[in-house]
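In the two assemblies presented below, subunit A is common to both, partnered first by subunit B and then by subunit C.
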Partner chain A sequence: MELLPLRFERAGKSYLVSNMVGDFVRLSGDELNRLVDLRVRPGDGLYEKAYAAHLITGEGQTAQRQLLALRLRSRMAYLREPTPLHIFVVTLRCEHSCPYCQVSRQSTDRSKFDMSEETARHALNIAFESPSKRIKIEFQGGEPLLNFPMIKNIVAAARTQAGTVGKAVDFVIASNLALLDDTVLAFCKSNGVLLSTSLDGPADLHNKNRPRPGGNSHELATRGIRRAQEVLGPEQIGALMTTTEASLDRVEEIVDEYLRLDLDGIFLRPLSPYGFAVKTKAIRKYNSKGWLEFYARGLRYVLEINRTGRHFPEFYATLILKRMFADRPLGYVDLRSPAGIGLGALVYNYDGKVFASDEGRMLAEMGDQTFELGSVAQSYRSLVFSDKLLDLIGSSLTQCAPECLDCVYEAHCGADPVYHHATQADPVGMKPLSEFCARQKGVTNLLLEILETSPQDAAILRRWGGM
Partner chain B sequence: MGGATTDLVVEFGAAVQSLGALQAAAYRLIGSATCQIDQVADHFVCRLTPVNNPNKKSSHDSEALRIHFLDLVTDENLRERIAARTDGVRNVILALAFGSLASAQNDRP
Partner chain C sequence: MGRHVTLPLYGTAIFSRGVSTATASSVVRLRSGLDSPATSAADFKLVRSKEELQAVADSHHGVMIVSDEGLEDLPQAADCARLISVPAKFDYFSDGDIIGFQPQSGRFRTLYRRASAHNSLLVTDRCNHYCLMCSQPPKDIDDRWLLEEIKAALPLVAKDTKSLCFTGGETLTDWREFVDVLADCRDELPDTAIHVLSNGRAFVRDEVVAAWTALRHPNLTAGIPIYSAVDHVHDYVVQARGAFDETVLGILKLKDRAQRVEVRVVLHALTAPRIVETCTWLARNLPFVDHVALMGLENIGFAIANANELWIDPIDYRLGLAEAVDVLASARVNVSVYNLQRCVLDRSVWPYAVQSISDWKNGYVEECDHCIEKTRCSGFFTSGRPRRSRGISPILAL
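Presenting the complex of A and B:
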């Protein structure tokens, strides 16, 4: 008999144990010690439990090792097709003035803050040099619809280039929808462009978070969502919310707003420590404990809704559940190791600078160029194989970072060097002090608790996870 | 060191306790307490100083902090035992997944 690699964490009086690919099992202290010392025998119950969880294998048996290798390879298959996401910041201008804005928007000077045709052309060349057979081009800002002519140019050029090189290309516009009109909708419909917007909850909360002249951000966003659903179809428009201090005791109202608008689920997201969120100190208004309480209440409310028969997933939980229940690679760049910077996405800024992630671009707007890889004048290879990027990715691997290395949740987590650099000036980060780490552990523990104690909710969570 | 009056000292025999496990336990204590490790003759001396962190459970109770630290050391000792027994097979699995063994498998007809 041979012990296979395992990780564990104390969980009250028992231990949470996971194998190399993150399958969980609970053991008593005595069971864990017996297992590690291989004091188990067929028929004693622990042997069967450990064998089924790929924690032990028979002497000379190769099947368990090969299965774990196959599953590990499948889970990390995203590495075989790097950089599927290419973010074009077509302008930094915005007509909103959100205090938590993470990109430090500008409100004036079109010539200074819009992407030029030359920059866009170079950026497209880099995007099509990336090895992925299917790439996604996402338009961001500022408010990207303020430079709609450039979006049209890029989509047309990308379609032509995709045909030439034999790649598929998808498009997303991340917009507050305030400027959405029939022209934009017709363009999106004819080009299969998805819309992604921000919706923070009911009108008063959304408008407080997202001030604009006229104070009508919510009205414009919800009208835009409805119009997009009618013209493009309900699956072509999605919304994201950001949790501010004002959101903390209103999660049910926020969820209700998403239901009222017939959106297909909700992503209960914390505030990110970048841009105006730092300058205005919005980020300091609550910590991971406050957010986790908000999240737990929200998740239980969403489960209540699902119990009535309506499919309405919470997307943060869904991401983790998919990692727990399936060995498919996930495209979510924040929850992977090696980190998704550069390997998951590249960001082409309006001024021609290239960043390893959208958050890296946000840091640069604050004067921190750590994640600036170069310019659009360079090739894909020179950007992604740069010493700078490789050092950042290599130094932040959770597979060998302190504490992460032995963390029972590692298989379902990620490195996120940008977050840890922003909060601790270190891409690895001291995980005992990391709010990212506390959130991940908190959400995963909550999901495990529901899976183990509530059969009806567990069935819903398994469906979200793709089982 | 500030807060010396609340410091707590825990000693381990160097012959039976590895320094690596103590260092790993000290790392996990960050945010709750700082831990300075010195070797004095045949003992490791761990000086724990609680820190004020609103995100962590309060460990100002010396006995609670001592028990928490001993639990962490126990866990790290177990992790060292697991690593010693599984590092070889972990490398084999990684090689099967991503390394030369993976290539060898792919080359088979």
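Presenting the complex of A and C:
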């Protein structure tokens, strides 16, 4: 009998133990000691628990190692298709003035803050040089619809180029929908363009987070969502929320707003610590504990809704559950290791600079060029194989980073060097001080607790994991 | 149990003459006198009465008499050069059915019934497992003639047959010869789905999995049992050390080559209490198999001898089975429940419960008369020594 790789952590009176691919079992201290000493034998209960979880294997056996290898391969399969996401910042201008916004500008000067045709052309070439057979082009801003003509140009050029090189290409516009009109909708419909918008909750909360002249951000967003659902179909429009201090005790109302608008689920997101959010100290106003309470209440409320028979997933949980239950190769850029910077996404800024992530460009707006890889004049290879990017990715691997390498949750976590750089000026960071770490552990633990204690909710979570 | 009698699938002829003794077994295909012309030397006209015998007497066809009336002694029978007479209890014989007939002893077995959706062909009685609940206890004998018989029968099988199952013993015991049979299936019956029951261990060998893959059969599935997530539990059930590791590796090799695999779990007192663990393990580790069948126990063969160790009332694992099915379905694994009656299943399992019991050994009990689910229910095995759950009771309303 042999021990297979395992990780463990004390959890109250017992220990949480996981195998290489994040299957969990709970053991008592005595059981854990017997396991690592291999004082187990068929029929004692511990042997069976440990064998089914691939913590031990028999002499001369190879099937379990093969299973672990193929599952690990499946979980990391995103590495076979590097850089599927390409973010085009077609303008930095915006008609909103959100206090937490990292980047946007109130300006009418098109020449200063809009992407030029030449920049767009170069960026497209880089996007098509990436090895992925299917790429996604996401338009961001500012408010990208302020430079709608450029979006149309890029979509047309990308479709032509995709046909020539034999790649599939998807499009999404991340917009506040204030400028959504019939022309834009018709364009999206005929080109299969998805819309992604922001919805922070009920009107007063949303409008407080998102001031604009007229104070009608919520009205415009919800009208846009409804119009998009009608014209493009319910699958073609999604919404994301930003969490602020004002959101923390209103999670049920926020969820209700998503339900009211017939959206297909909700992503209860933490506030990112970048840009103006740091400047305005919004991030300091609540810590991971406050957010975890908000998240736990929200998740339980969402589960209540699902218990009535309505399928309405919470997407943060779903991301983790898809790995827990199905070893899905989720390339979600913040929750993977090797990190998703560059390998998951590239960002082409309006001014021709190329960043390793969207948060990286926000840091650059504040004078920190750590995640600036170069310019659109360069090739895909020279950007992604740059020493700068490889160092950041290589130094932050959770598979070998201090605290991460033996963390029981490692299989379901990610490196996020941008976060740790932004908060601790180091791509690895001290994990005990990391709110990212506390949040990930907290959410995963919450999911485990629900899976172990509520059969009815466990069935719902399993279903999300299998989506 | 039940008022459906199990069909007799083997017996001894009252009389026979003119059947070739060149091989141990001759394959005979039955033809109804009026409908079907005899096109093969293996074709025998079915005769049930004096009048029918009269109608075929002066033809050159073989004749199969199904009767207890002594038709073979009538003068009309004297003209039939090739004649087999079997008792009237075989009156289910009908057009297109295929019989394996051993002329030396007069013994015969029904190999294929045209009207049945559950045709399974025994490939061998030899096996390297000795499963505690084996319904077809292995024998260490030279029965390679069975494969010859199958090879002779395949060209006679109706081309529109939807599916055929090969069973054993371990079907891959003589794997080269058996792969030849599968090649014949591919060529003779291109539209017939082929289901091969195997313990999967032979696929550990590259040459076996390569030959299997090289068949490029359009619709071939290996049905392979995994009884537990834990090696010694599986090995104990199949009474073979090292089986679990090889079976899992065999499945991985088949799936690595994109071959279709069904995992089969028989539910009894050693497997049912851990069915949630087993199915959780399957969902996590083998979610790419094409089908998982969770199967109620057929109380026959070794299962009767080992009843003390194996019997568990299905009502006692009802909730575990429901969770196990949900675990697999959530992971998008295609799952079915076989051989269990709806009244002993949690209602969440009903959509997955199928009418799996072969028609020739399937029946219902008195309680079923008023049950509104009877037409969708698997019913019972009539074979072996059926045991019934204390949970059997008619479903009267939904």
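One rule holds for everything that comes next: the second predicted complex is superposed on the first by the 462 of 467 C-alpha atoms of A that agree within 3 Å, B and C clash if a C-alpha of one lies under 4 Å from a C-alpha of the other, contacts with A are read in each partner's own complex, and residues count from 1 in each chain.
By definition in this document, contacts are C-beta pairs under 8 Å (C-beta built on N, C-alpha and C of every residue); 3 or more make two chains touch, one makes a residue touch a chain.
As the structure is a computational prediction, the values presented were derived from the model and not from experiment.
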A:Q369 in the overlay: touching subunit B, subunit C, both, or neither? Say first, second, both or neither.
neither
Considering only the touch criterion stated at the top, classify A:A326 as touching first (subunit B), second (subunit C), both, or neither.
second
Who does A:L4 touch here: subunit B (first), subunit C (second), both, or neither?
first
When the two structures are overlaid on chain A, which partner does A:Q66 contact: first (subunit B), second (subunit C), both, or neither?
both
Just to be sure I read the superposition right, which of the two partners does A:M430 touch: subunit B = first, subunit C = second, or both, or neither?
first
Partner chain in contact with A:S97 - subunit B first, subunit C second, else both or neither
neither
A:D406 contacts which: subunit B (first), subunit C (second), both, neither?
first
Looking at the overlay, what does A:T183 touch: subunit B (first), subunit C (second), both, or neither?
neither
Just checking: does A:A459 make contact with subunit B only, subunit C only, both, or neither of them? Give me first, second, both or neither.
second
For subunit A, which residues belong to both interfaces, subunit B and subunit C?
66, 70
Where on subunit C does subunit A make contact in their complex?
229-233, 242, 244-246, 248-249, 252, 274, 277, 281, 283-285, 287, 323, 326-327, 330-332
Show me the residue ranges of subunit B that touch subunit A in the complex, using the header's touch definition.
24, 27-32, 54-55, 71, 75, 78-79, 81-82, 85-86, 89-90, 92-94, 96-98, 101-102
Where on subunit A does subunit B make contact in their complex?
2-6, 8, 10, 20, 32-33, 36, 65-66, 68-70, 72-73, 76, 287-289, 402-403, 406, 430, 432-433, 435, 438
Could you please specify the touching residues of subunit A with respect to subunit C in the complex?
23, 42-43, 47-48, 51-52, 58, 60-63, 66-67, 70-71, 325-327, 455, 459, 462-463, 465-466
